[in-house]
Amino acid sequence: MLIVMKSGATPGEIDGVVQAIERLGFRAHVMPGATRTAVGITGNPGTLDPVRFEHLAGVSEAIRVTKPYKLITLDLQPDQTVVRVGDATIGGPELAIIAGPCAVESREQTFAVAEAVRASGARFLRGGAFKPRSSPYDFAGLGEEGLRILAEARETFGLKIVTEALDEAGVDLVEKYADMIQVGARNMQNFSLLRRVGKSKLPVLLKRGIAATIDEWLLAAEYVMSEGNYQVVLCERGVRTFTQHARNMLDLAAIPVIRRISHLPIVVDASHAAGKSALVRPLARAGVAAGANGVMVEVHNNPDAALCDAAQALTPEEYLTMVNEMRGIHRLLSEGVSA
Amino acid sequence: MLIVMKSGATPGEIDGVVQAIERLGFRAHVMPGATRTAVGITGNPGTLDPVRFEHLAGVSEAIRVTKPYKLITLDLQPDQTVVRVGDATIGGPELAIIAGPCAVESREQTFAVAEAVRASGARFLRGGAFKPRSSPYDFAGLGEEGLRILAEARETFGLKIVTEALDEAGVDLVEKYADMIQVGARNMQNFSLLRRVGKSKLPVLLKRGIAATIDEWLLAAEYVMSEGNYQVVLCERGVRTFTQHARNMLDLAAIPVIRRISHLPIVVDASHAAGKSALVRPLARAGVAAGANGVMVEVHNNPDAALCDAAQALTPEEYLTMVNEMRGIHRLLSEGVSA
Amino acid sequence: MLIVMKSGATPGEIDGVVQAIERLGFRAHVMPGATRTAVGITGNPGTLDPVRFEHLAGVSEAIRVTKPYKLITLDLQPDQTVVRVGDATIGGPELAIIAGPCAVESREQTFAVAEAVRASGARFLRGGAFKPRSSPYDFAGLGEEGLRILAEARETFGLKIVTEALDEAGVDLVEKYADMIQVGARNMQNFSLLRRVGKSKLPVLLKRGIAATIDEWLLAAEYVMSEGNYQVVLCERGVRTFTQHARNMLDLAAIPVIRRISHLPIVVDASHAAGKSALVRPLARAGVAAGANGVMVEVHNNPDAALCDAAQALTPEEYLTMVNEMRGIHRLLSEGVSA
Amino acid sequence: MLIVMKSGATPGEIDGVVQAIERLGFRAHVMPGATRTAVGITGNPGTLDPVRFEHLAGVSEAIRVTKPYKLITLDLQPDQTVVRVGDATIGGPELAIIAGPCAVESREQTFAVAEAVRASGARFLRGGAFKPRSSPYDFAGLGEEGLRILAEARETFGLKIVTEALDEAGVDLVEKYADMIQVGARNMQNFSLLRRVGKSKLPVLLKRGIAATIDEWLLAAEYVMSEGNYQVVLCERGVRTFTQHARNMLDLAAIPVIRRISHLPIVVDASHAAGKSALVRPLARAGVAAGANGVMVEVHNNPDAALCDAAQALTPEEYLTMVNEMRGIHRLLSEGVSA
């Protein structure tokens, strides 16, 4: 059930609706939009009678929602969400660039890469302290020590830190050191983890699962939002298909498809989709051309020696060329094109 | 590194090898086989020098392992693992049948289904107390109350309980009430959960991820085993492809492929692969014909009223026919066929 | 539009309906069933008014067909089609076995294999004279010389010959020498070829395309039938997915799904699905257990020296073991199983 | 085998090599490059001894080719092929735009669309006279009448005509009326058709099959080239995956991957990949950003009334906006980007 308030509804009227919902034992989600405020109801076991809400002061209409999701929809919030990470944003007019090493390997390596990231004008530094690895015998990250290095890089370079948490204990640590929590592709349907980050004050970067449909992905975002955290950024990172020439197949149609359903911003992880550095630049450009709000990319000061995903990391030079190309395309599309 | 003992190696010699490994700060995995014992080493950051072990008493050879997995391989244990759950087994001569409702809905429903399961001669009762659901608004199981009902059914009907845990806290509860912990497809690469069940005394049923390769699946089993729990059963439940006529595509070639790599038993979940009850029987028969050690199947006393996956549950009558067909095929293949 | 005749309709009444259809410039397809005859209409540009036919003598009802196919449906013919190839059948009570080399390489090789095929009691000899090869530089078959060798093997061993045609000229030649025309996976939507075999007097074995949906496959059969050739056998041979451990993934759910839509018989090509000989036997058994009307399999007297698909051919000994297992399962399911 | 000539080799020396190859009964393919000429040999049953050619006048080296393809490779021709269609090109500095209706429906419709295409500055008019349709009952094109309309539009608007042939007889007709022969996705491995267009004087637009690997696609081009027609343009049009939100998934990584293997130009068919008009513009922009040499797109003067693929056709207005965006991105990448 979605309660759409009148455009001139007062804070008191909105609060009255929230209280009415909570008195019934359900949960109210207030989502202010540019022209009207909507209040989503979750926690109701079945369908509710709209009449119950339509007589309340300030209510325009109560809509039965038949789609499997509510909070992520344009029905609830017609304007694009702008996720704020300090003074940086994802979903606003600026192209968000999230760059850094696959894994934090050392202070030296992280600082060398962070310097290149800052030089490019990007606002976000990525880097894994906890790495999900297919094999139990592979390098799994430096753990809390890696988080400390990232936090130090934040102070030194003024970048926002985006890093992955693999479980509930990991979220506690990431909250202590970082600015944005990444949920990885393998955990996209780890519902305990989704509920935990849904209770966090930090924004969430939610990667698409390796073979997730758009609906499953949006429902994973719905899990996070249903716990009260509305700062969610979707990250398309390629899906698994029959092809072998790239690590995954970047599904750029997902961007315009989701734009027509959801207000959440979307970024593209060009590195994991590519799996080879030579493919990263073309795919990152394509992502921006398809309308992504930002791009995530792996950069390493010495790709050949990287402990993780060496084949797909860009050198700082390749990375800078790519940033310029992406910004050119983004500017061209933002300003409108004339013949 | 894999240490293969001589066929007549004594317990004391085996223990000497274990101690040598542990003195180096690594982990030893003793896996007794029919003709020889092998000792796997995990936890070593890089490659080890075989010479270091080959002079120890009772050692036949030390083998560098280049494959990504060790403990699951036939190199380590050439005989098929027989997982023991009390007096029932999976991987032995008997066809293992794991049947029951998708979700535990009530004592009445669970007992009605359990009665049919016992009547069929099956040894395992399945039933979900914690259900992973794509939407946060769907029925997610009765939780601990569901586990209590299952435990009661165990006492009444003498069946072993197989049930899913979604997170580490859930494993604690499942250990308290059940006989075997199921790790679901969505959690196949939830490495924190895999490590936790690897520390459990209960055997583990490990479902294949929705788009997992054979290698990723075997490495997930390797995660469990690397923590010391060698009682792992693999469960093929269909993968996601371009087709829409069944819920997932049952990959029966996985059975003979894994047989040539691993000693772990494999069962087939015909219900999740099918998604429609009319397809369950043919697919379950096909699974047994392809060489599965057992079959997992959803049965409901009143499928039309099921709260979860109603479309794929069999009635008790359909289930009994299926069991007879499966046992006929299993007997025929076990006894050898003459023209 | 589908005209269902009354159960006691006379040949004259059926003929009257056919003439009425043809007077309108459309095509009539008379399909006699066990209890009633149906007459399908094709060639009509849009929908027809049922009333136009319902007043004709012997007509029970005229049904508007909204599905994309007509002639392949159980609506048109509720009984399973039995395709007759001389005194052999596919779709009847006997399990059809179609065995032979991938490609005809020589008279000697073909005869050695044909001897093993006859010894097994199979009725059909397969063998390619025209081989579709991904590379223009690979062995593409002996052409008409290969067909002559097959025709000679037919006389010597009393087997029916099933062989592929790649284009319309090839169909002319196959009609001259063989008993059944195979349309390969790559040509499943070669509509010119489908129309050509639809005009043939020989029955057609229609393989599923590498990524064809069930609907596309059935519509390909509809193309053949819409030209008047109703002797069509479907052949499931595996589809392309993200997996790499087998050549293709055998989609056994297709069998029960098609059973509920179509009267056409279905066989399983275990060799192309497997791609490796060790997988052929388990998959062939699984196909029979899932309800296939027959199995197609590659046998070679000297697999290591095969010019085509060497890795997937069985030796005559492996083949005989497989035939016995398949027949055992088929008998068990035909006779019904008792506990 | 690939014979690489010295950079200063004379026409007489090249001819001498060709004659030496033909005397052995093989086929020579002379491919002039910017700096050197290469001569490919096809038709040889096995490997040839390089020494046999290296002593010939003007030969730099003879290379054994182990890859499955020869003629499409950068080894043979290091410079990008520029396919010339009269005074228009694909593969040169200009972005090639191939636009028009899915099917030619009438002179009126074709001319209305052709006018918009000319107005956009595009050089190629597409339009189907022979439409491959999954169902035998769907509109299959106007046939030769459609070709006549296209030829008339060519005269009126000065556009080059690109149209599909479905079989060998169709190629004869397309050669009579059009400028470029399209081979559709369903026919990508129709080897008889590939050989036939390989003998044509017209350039060939070769669409990727619905589930073709890069290798299979390049080998299909190799089939065409091995018959002597080197004017081949590859067309990425999306592949089939588990997703349902777009008709196919556009595989943009294919562009940089093929660039590193082959000299053939690549265009992107945004309409078939999208399946919905709202997705066409973002995907077309992404294709150009990923480095495509051109874009193919369906335009209709009245999309709602289109007889074929109505949902994916752009209006002339949407099309013009798209052309401007694509040209902006192409210009930006051609000129190099400065920060």
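Think of it as A, B, C and D in the order they're written, each chain with its own count starting at 1.
The rule is short, and it goes like this: a contact is a pair of C-beta atoms (placed from the backbone, for glycine too) under 8 Å apart; a residue touches a chain by one contact, two chains touch by 3 or more.
Keep in mind that this is a model prediction, so the values were computed, not measured.
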B-D compared against C-D, more contacting pairs: C-D
Distance-maximising chain from chain C - centres being C-alpha averages: A
Centre distance in Å when chain B and chain D are each reduced to the mean of their C-alpha atoms: 50
Where chain B and chain C are represented by their mean Cα positions, the distance between them in whole Å: 38
Gap in Å, rounded to a whole number, between the CA centres of chain D and chain C: 34
Junction residues of chain C, two or more chains touched: 211, 240-242, 244
Of all residues in chain D, those that touch chain A in their complex: 211, 213-214, 239, 241-246, 249-257, 260, 273-274, 278-279, 282-283, 285-291, 320-321, 323-325, 327-329, 332-333, 337-339
Of chain A, residues touching chain C in the complex: 211, 240-242, 244
Footprint of chain C on chain D - complex, ascending: 42, 68-69, 132-137, 166-170, 186-187, 189-193, 209-211, 215-216, 219, 222-223, 226, 240
